[in-house]
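What follows is a set of structures for review.
What follows is chain A paired twice: with chain B in the first complex and chain C in the second.
And now, the complex of A and B:
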């Protein structure tokens, strides 16, 4: 029994690992091909199957005037929008989460849980429902096709995640910490900033990672709310997928876009092993 | 604890969210009762859009059932595979950290960008999948056959989002108390019985949470479909979001698209609430 299970286990894990890695390896080989090696059918090993070229990578840093693709600007746009929206969401979300975890609110039939649910339920909202009014509204106030407009929209996407993770985190931070600080003469603000917040850094990091992931991977809003002035990375890369697709630069740019988030994977795994994520979904 | 300052903590976040959302939502409802064109803007036409939607648009309902099928299938697969993987790398395994990080990576990648890669991967004549299958004399049309295209969408969705399920379930497994496992070990329970009577029941609340979260996210399937098949061939992979997108932002029937969005939102809220209730009853019956 034990032995068979072990064999099956390693077989399954290996199988899944291959499945996970396959598209990345394919993108990696394709990024070194040129027109001829792509259209000659599927080939895998450089130098043996095909002659590697650097064209796919080189094109990415050239300006469009020289026949390049220029993903540098979209790259920094993406970074800027994701980080700014994440930061604002974390700040506002953490404050609200602290209030919901520590104080009691009551307005008619609305209680703490209902307010928390209101925050989290914004994830249920299908992006398409918001996209049409946002499209018309941002157009009306001249924020269509701008970074600020996107940041505003991304706050709606990310704040629910921040509140969700931080409410659970604060619920696990013992109340005695705040109470002691208050008895020692702190006011509620000091108690929060000097005592509770420094004890919540793991929670903040996890919430930050999730905001960055969900901000970075969004395509839909960037696709609908921006055109030419501002382009985010996913939109730029998908635009390559047109009539005659240059598979090589497409693959190279896909790999570049994935790279920064691999670091996030390591951080998330680390906090996972320490048990800091466990409260998040109960 | 109760202080006046509590409002200072709560209100900035709450009001920013409400402030950003309130006008769009009111506007969607208003727009759904209107015809819309760029010459004279909104003109009130009452429930006409809704009547058209409920009596004269089978395509919307087809896309909705297709969405239900796709999201339920992918979430079930993600749950089964995610649970299996999480259980396998939970303990007693070599290269534990390596596998855990590796299994997390797909969810960190942008779905549309990876879907573009998958498109080349499943390419009929130039992709590696058909290159390997051609050795066995097969060359399936992954993206242009109505049935296979759905299957391809499911494969890509499972690849992309099983890691999220895996993450939530592994976090759950790592937080389980030790005592029930010690008791089971003392009783000499077999691994299968240990899983069925200890691990699985303890994981039930976490499983429900994870499934609901994934269902919510899966119900928005749109990016993958847009890039992989553009809803095609025909309408065979078209989901609700994608159909609303075509009507609203391609054909600019804004009023009608708004009425579909609003109907769709109500159906989502009702069905997800029902699913959450049913799952809670089923998994926590003991």
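And now, the complex of A and C:
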């Protein structure tokens, strides 16, 4: 390995790091600016280029009565809906994926692969196709503008991802593992929970990660299916826009909205780098 | 530790077809308690299906299985108390070696002291003591297979230990020691061992009884000696023994004689009831020797080649179109001409339509 290679390597890594981090830094500085600093040309360094203000952040936690926007409630709504929907999707998805991987189903010409495809096909059509049916459906059961209604819809959206990833994963866990567990005296449920599931943790992590990401970033359904009672974070952030774009509070809310995903990324990265997931997401 | 009866067992993987193809044709068999059995046959002959039927992973299409005269055909795998070791190591990745070995006992609610005692004793047998606290996934392939074996042996009361080519991934030296170990375990604990293999040496050295299978059919079951000396079909004669049995196409010329290239060879078989004159004479190369002072049953042959194979010489002789192989003593000198081979009448097997008469 030549010296040049080393220099190039570090140069590239530095370049890429800047490329990735720069938008965050930009948002971070912007979140501490006020109207004049934002419109007074590009400035970066607080106290030197501009006087930092906390207004952008303060607005987010103030109640609307005091001229704030209060994103705390939507934030926890989003967390609750995403986590609950992801958890239920993972549980249901894992169980159905195990069944699809281990047992043979046949109804006329419909076989295991067709059922798996049926799950994935839910994600093939554009989401807008589903919006009116979902709206009417939730309206019919009185769940429009409610957390439960959103959870139901998100389960529909997230479970195919979980099924898809887990079917693939279980297919790679050799059947002999289940059979050995049966021979060792487990009943089929024990075999699944004690032996197959612990072996599938990497797959569960990947599936969970995808569910959380797709649930957390959804704007479209949250926008269509809620009005005033319940609001999710992406909708609330978009609603910050007014005739004067509040760049400072938009930046602040953008930063706190990606925070959970960054935490997820850090947690999962440990598993990814260990190589434990090799083959889990292919 | 049970006697296992297989009554008219057969199995097909496509039962709904009008003419299902059978992976296993109907057969009946009894496996005595505490004996060692080898199921021998080429790949795809139904060996594994037979094991899976006994362990309950596969339900036979027809027939019944009895453990100690109790019908277990519909009993689930987990309730049969049987151990099975697969061809490739199956270990529980997330557990330590100790937990792997203890798992069959834990599932059956054994007491803690008992579990410790059994796991330690099995680990000692398989030289795994120093690895007990290691995560099982960190071990090498043959150590993993030892764990699989250990899980099979950790319960003392199993009906039988079924092994599906368990030593494929293990290197030859360890293979030899393990085979002896399994024999010792069988002798000590009187566990019924059923061992699937396609290696005839393994089967001959390991088992009390060998079941030879071909194309889903049990061709012959018997002691290694029986299989060697009186193969039921030409397939068994060909499959067992190295080199394969000498087989000559011939025809009967009297009540107990056949004619090979014009030479009369006397056999101990009554040939008077043959429907077909065309038959085959089979004889092991081990039983053919250079003639010393015998008068009858001699074949004049030309020596084609003599190979020294260490503990014996393999003589390949020609008699017209026929090739005859004979295993002879290392010290014996083979004359270059006027060679006569003696065919002992009592070792001759006569086959009509490939089946022994």
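One rule holds in what follows: the second predicted complex is superposed on the first by the 245 of 282 C-alpha atoms of A that agree within 3 Å, B and C clash if a C-alpha of one lies under 4 Å from a C-alpha of the other, contacts with A are read in each partner's own complex, and residues count from 1 in each chain.
Assume contacts are C-beta pairs under 8 Å (C-beta built on N, C-alpha and C of every residue); 3 or more make two chains touch, one makes a residue touch a chain.
Small disclaimer: the values here were computed from a predicted structure and weren't measured.
Annotation for chain A, partner touching more residues between chain B and chain C: B. When the two complexes are overlaid on their common chain A, residue A:266 makes contact with chain B while staying clear of chain C.
Of the two partner chains, neither chain B nor chain C is touched by A:73. Once chain A of one complex is fitted onto chain A of the other, the partner contacts of A:183 are limited to chain C, with no touch recorded for chain B.
When the two complexes are overlaid on their common chain A, residue A:51 makes contact with neither chain B nor chain C.
By the touch criterion stated above, A:195 is placed in contact with chain C alone, chain B being left untouched. In the superposition on chain A, A:132 contacts chain B only, with no contact to chain C. In the superposition on chain A, the residues of chain A contacting both chain B and chain C are 179, 182, 187. Put simply, chain B touches chain A in their complex at residues 1-3, 5-10, 12-14, 16-17, 20-21, 23-25, 27-28, 31, 81, 84-85, 88-89, 93, 97, 99-114, 116-121, 125-128, 130-131, 159, 167-168, 170-172, 174-175, 190-191, 205-206, 209-210, 213, 216-217, 219-220, 222-223, 227, 240-241, 244-245, 248-249, 254, 257-258, 261-262, 264-265, 268-269, 272.
Interface residues of chain A facing chain C in the complex, by the touch rule stated above, are 174, 176-177, 179-187, 190, 195, 198-199, 201. Chain contact summary for the complex, chain A toward chain B: residues 1-2, 5, 9, 12-13, 16-17, 19-23, 26-27, 30, 38-39, 41-42, 44, 92-93, 95-96, 98-100, 102-105, 115, 119, 121-137, 152-153, 155-156, 159, 163, 175, 178-179, 182, 187-189, 192, 213, 216-217, 219-220, 224, 233-234, 237-238, 240-241, 245, 247, 250-251, 253-254, 257-258, 261-262, 264-266, 268-269, 272-273, 275, 277-282.
On chain C, the positions that touch chain A within their shared complex are 55-57, 76-78, 81-84, 86, 88, 90, 92-95, 103-104, 107-108, 148, 151.
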